[in-house]
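Several structures are given next for inspection.
The following pair of complexes shares a single chain, chain A, combined with chain B in the former and chain C in the latter.
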Partner chain A sequence: MDQKESVRDITPWDGTLSSSDFFSAACAFSEKWKRFNAFVPPWLWVPSRKHHLLSSHKEEGYLSLEGMCLIKSSEEQESCRSQTWKEESSISQEEEAVDNATLVQSSCDEVNHYDFHIVYSPSYRVPVLYFRSYHSDGQPLPFGEIEKDLPDHSAKIRSESKWTFITQEEHPYLNRPWYKLHPCGTSEWMKLLFHGDTALNKNGFVIEHYLVSWFSVIGQVVGLKIPLGMLETLSC
Partner chain B sequence: MSKKEEALLQFAPMQSSVDEGFWHRFSSLKLNKLGIDDSPLPIIGFYAPCSHSQVSNHLTLLAESLPSESSDSSLVPEPSSGNRNKCSVPGILYNTNTVEGFHALDKMKLLKEEAAKIWNDIVTGKAVEDCSMLSRFLLISFADLKKWSFHYWFAFPALMLDPPAALVNLRPASQWLSAAEAESLSTACNEWRNSKSTADVPFFLVTIDPQSRATVRLLKDWDACQSDAHKILFGFYDPCHLPNNPGWPLRNFLALISAKWNLKSVQFLCYRENRGFADMGLSLVGEALITVSEGWKNTMPNAVGWELNKGRKVPRCISLAQSMDPTRLAVSAADLNLKLMRWRALPSLNLSALSSVKCLLLGAGTLGCQVARMLMAWGVRKITLVDNGKVAMSNPLRQSLYTLDDCLNGGSFKATAAVESLKRIFPAVEAEGVVMAIPMPGHPVNSQEQESVLDDCRRLSDLIDAHDSVFLLTDTRESRWLPTLLCANTNKITITAALGFDSFLVMRHGAGPFSHAHGFNAETAISSSADVHKIKDAKGKHRLGCYFCNDVVAPTDSTSNRTLDQQCTVTRPGLAPIASALAVELLVSILHHPEGIFAEGDISNNVIGTSEQPLGILPHQIRGSLAQFSQMTLVGYSSPSCTACCDTVLSEYRNKGMEFILQAINHPTYLEDLTGLTELMKSASAFSLDWDKDDDGGGGGDEDCVEI
Partner chain C sequence: MSGAATVSSSEAHKLVWEGSVPLLIHLHDSEVTTLPPPPPALVLAPRLGYLPLLISQLKPYFSTTLPPGVDTLWFEYRGLPLKWYIPTGVLFDLLCVEPERPWNLTVHFRGYPSNLLLPCEGEDSVKWSFINSLKEAAYVTKGNCKNVMNMSQSDQVELWRSVLNGNLESYQRVSSKLKLGTFEDEYTENISAVSTASQQNSGEADAAAQVKSGEQKLYVNNRIPVRLYVWTVTEDFDDLESAPQIDNWDKISYINRPVEIQKEDGKYFSLNDAIKSLLPEYFPGSSFDNLGDASTKQSVGDEGENTCDPDSSSLPLENAEIKLVRIQGIEPCLEIPFSWVVNNLMNPEYFLHICVCLKVSEANALQ
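What follows is the complex of A and B.
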């Protein structure tokens, strides 16, 4: 163990994390988030086993933030979303009893729900942000719709930085296509964020602050804000 | 406290939300376990109290709402318990096997059946024991597993009070309760919600004693609550967020309260949260007046509850083709691959040019198979293969689209087998196979065959017209003549690949003699019969040559008089993949060059990074040798006596059309006479030089490989 530590001190940090470091980083991140972010749901750790044959590594899983709601005003609604449905299946007025006790709602606002997962990528050795969006009834949103929800500067970041782009790929645990911010450039800019300071490797400073720093960049692309209080913990 | 404004108590309808995972799990269950069995399936729904001041909570179906797929488990889903965000509610799913079946379901009957179950649970007292029964629901669906779309309709059966209940008043709990009471109730509710045994119990009783202490209790503790001085509230998890209406679960709750405990005036608590904690400002307390007749509870009340779809009583439909259809997933994965290439390495990559270019491959053998695969790898989707042969037993080894199955029963036609193979690799490819022979000069046809040969000529001409780029990948020299001529006539991007025993040639043909350079677009090479520039094109540049430009003999029959093993193309196996790959890369480079077919021929100079084009140089010819493991780039210009592309030949073709083609096919020396090659050869042989003693000793006559 000692030898590993000293090797780590000498070699310059490459911006990546090991899988168990990710777990520690995730715990630190979600705890800080709860502390500074009373108005938003917490990040929860979801333990998951990918390989059922291997011994269960209880630190394997991902961080999940679900149920962020984005309320769209009625003018922004896509009226073509509802399919024109033939009247074959409707229920005639005579069949169902006359019911005055049901509130008839005028057009209500559409809500876009967002789920975010922070998943570790073993091949790139960095965290990756996965996300998806759906309407209240469960219908998934196509990317064109999601793009309208992203903040204006997101498009700018994505077009200017060759390191930041959104792709659709299979979620490693849920086996369904989710959107993600491609991780190919993450280790590069993480190195920059920490100024390549090898001394930081000592006493786990990097691990504790990794996700906070990472999120301060990634969050901007999807419009998730990180409270100032959390960022300030980086300088101590 | 009580203003006697007796408005009708109006409930906000329950809303459904089906997670994608539910449909995925259901499709899998249907395909692997249920089959055509359409008996009703028990499912579990989940809801929780509202936790957002502007967004209602929904009754949600997730993947775990369905039973598991493992063969030893019964068809009953695993109940979850103790999860505060997922109160389990029993439901039933009727899925039909056809869309007609879906429309034909007797909806009122099904609603009545489920409502009857709720009523039965109320009357027998089961609902008091397990109150989640009050929110039982019904789901009908039709899963179209070919199109990955799901038609569905929820019903949340609500027993109707007759006459309906009246609302005395409704206001936030913080206004109805005193400050001390509100605080005590908050604490009690938070404890209730944090205890595993009660967190997901959605209906409860609240008693408030004269000391403002609130206690939350299970429904079955009703008798214990009958102490005079206590205020009693009937509480329930309210998914609705509206400030002036209670949520749907209250309907059946009131039915229970009236039938079981005979109350006429009910004070209820719509329990709502904010950020996971009880919120007495969002929660509502109201008073309802129930005025049903004495005999009301003796018969099953009427029920309503079909969910509206944007205000209309029609079912909903969700399409999940994007995330479930394997073909679509393959397409988006392929697109991602190419986009990554563009983002990371080659920003000027023209993906739309690649996906729209139409490629014609003449020959579906060793070269054709490899070229097709490489084209698909570059995102080319429109590929036509022409070949009149059948797959032979030795083919699968070198011809990468075929397997043993294609050789059986005499062998499938190559063109057909190749297309099937391409579709198996990538279903979204638009591939077509044409079984046709290419008419060749030097292979005369008799009068009976004439018409069909002319047909083939016309067919070939049409095919070339319909495509943007043509690959000449046949195994004889003479079979390349007619395509070269037709391509030169229409100025199509033409790429030739030819193999020797251990050497190869890959080249792009120059523009035709009648080509017009103005407004050139790589994707739509249109020829116009403008000025006849003999060896120069419209830009005044020397036209690059075609495959035949360097020949001094016209293409003739090279196949007869060869022994069997000489007729088959025998080459080092590595050549075909190398040459095919180069041919495709050459096409991609042409498509990205601003001058396209008119681009000058570059020569490699081994200095990296000196080319102006992002993809590098655009050579005219690449000749390689495996014997040397070497490769070189050459430039050759068009010959004024070329039997395939010179303006004399093309003018004859334009004037005489098919008659000219027939002449060339039937008369061995016609082309040579026409182009003056005959004259050239006569004058060459006029030199009396003794060449004979330089003949090699080994192997006179034709060599056992195709001449390059």
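What follows is the complex of A and C.
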């Protein structure tokens, strides 16, 4: 087992983690993401603004994945609707390479931009996913449009689980309204996830795996997939 | 505040619940369609309440002059749009450093700045925000929000109504069922002992008796829900009038983090300790450090811009100074036991809101 990983007793783990644990887990998560996701932008650690000169607490901040573009085909039928994520910069490169004939077609496609932040909640002691969406001109998307962007199974997850719902709240650091997945049930399902997965718990609870496990569930609600390779690292 | 020990809990709660801020509310010029323009409305707003709840009082003043359209109520103070989910008293303590009585605000019924402010659809939005905060407070103190989720419909309605109407008795009747408890420590015992003499309620006498053993009761994990609003100055100001104006929410650091009570023998946990524990970056030497498990600090690789490497501080330690602390409109003595402050000055959603002004060096000021 990797010397760097810290192990905790399994019981009685309540599904939560401390602020400094979150920092460790965030570093591990972003490093693995980079390793397994060659064509997608990395998650960057953003130190919280007020601490930029006080290095002893550089650990306070959040993970950021910005400039994700959701490309939807102009197909009317839901079954044909595909959801592809691309990086903002790769889209502009593609457009340059396309000739006039296909440009006309692609102008029917909408591109919605998404920014995702993973922020630690000291009250709930769990990570929280915040996101916002806007058109290419910067205009924010109304929630009705965001719902159309979310994968079909997202609505199912959200309606079935009393723990997973989207609310609009102010971003803890940025003084702007963002959407978030409410954290009140997170510790419960993280606990269940951990106890129910022999691969996860055979080595005891390992902090560095927290965000990978967490994201494997949360990502589904917003349609961000976690590569299989990343999930497999949980069992080593 | 040397009188604190002689003010009983029930008196303190009454004073807090009766606290209000006189507002002089002007309709924004752009929404005045009649001549002469309507005079401003003078309204007494409860400290524990929220600005959007004033709509029923305000609308009659301005309805005849408003341009056609749907009402989307919002307020501003000297150009700063006000966050409606912050209790009125906290907004006043924070933004009106030299208290203005009445407090001059501008109201808008049109043109909601939705890029800046969360949407507010009237009383329902405010109620949702309140219950959400209550759940968060319950989670902080008990580790789950079951007690709030399991409230009966009629209890929920009564709880909200009691906040709407400022009815303390009704509020206490319902909120006691939540068993969110009070923070007791051996110093609360001395204060309660004074107050129990005048208490009719035998329940409080029992609580004081239980506390005599010095145990901390009813708060799981010793976590207290606190919301800290911090603004910084780089120079001393002699009087409040010369304090800088807060014209931007980016100048306020909002810290929504529970205070973790740490007990040290022979020392009680004061308000000063509590505030400093929430600001370890400004008070690193503080004996009550709040930032979690030190043993797991480790550098995990160096990723360039993805810097996850918390090198130890080689910069000189910040010498910050607490210039001003305001809670429920008062500036308490910082050596008061934190337990007294929490039990008596918290808001109905069980959060203690503290406004703090810090004096820091130029480099560490919030820009």
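Note that in this section the second predicted complex is superposed on the first by the 169 of 236 C-alpha atoms of A that agree within 3 Å, B and C clash if a C-alpha of one lies under 4 Å from a C-alpha of the other, contacts with A are read in each partner's own complex, and residues count from 1 in each chain.
The rule is simple: a contact is a pair of C-beta atoms (placed from the backbone, for glycine too) under 8 Å apart; a residue touches a chain by one contact, two chains touch by 3 or more.
Quantities reported herein were computed from a predicted structural model and do not represent experimental measurements.
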Touched partner set for A:123, first chain B, second chain C, both or neither: second
Contacts of A:155 with chain B and chain C, given as first, second, both or neither: neither
Touching partner for A:184 - first (chain B), second (chain C), both, neither: both
Partner chain in contact with A:176 - chain B first, chain C second, else both or neither: both
Partner chain(s) touched by A:46 [first = chain B, second = chain C, both, neither]: neither
Touching partner for A:165 - first (chain B), second (chain C), both, neither: first
Partner chain in contact with A:134 - chain B first, chain C second, else both or neither: first
Where chain A meets both chain C and chain B, residue numbers: 140, 167-169, 176-177, 184
Chain C residues touching chain A - in the complex, by the definition given at the top: 83, 114-119, 132, 135-136, 139-140, 143, 145, 225, 249-250, 253-254, 256-258, 280-281, 284, 291-294, 296-298, 300-301, 303, 305-315, 318, 363-364, 366
Residue ranges of chain A touching chain C (in the complex, touch as defined): 4, 6, 14, 18-21, 23-24, 26-28, 30-31, 34, 42, 44-45, 47, 50-51, 53-60, 122-124, 140, 167-170, 172, 175-177, 184, 207-208
List of chain B residues in touch with chain A within their complex: 8-13, 15-22, 24, 52, 54-55, 58, 60-61, 102-103, 107-108, 153, 160-161, 164-165, 242, 245, 251, 275, 302-304, 306, 309-318, 320, 322-323, 329, 332-333, 336, 339-340, 343-344
Residues on chain A engaged by chain B in the complex (per definition of touch): 38-39, 41, 69, 71, 82-83, 85, 87-91, 95-97, 99-105, 107, 109, 111, 134, 136-140, 142, 162, 165, 167-169, 174, 176-177, 182, 184
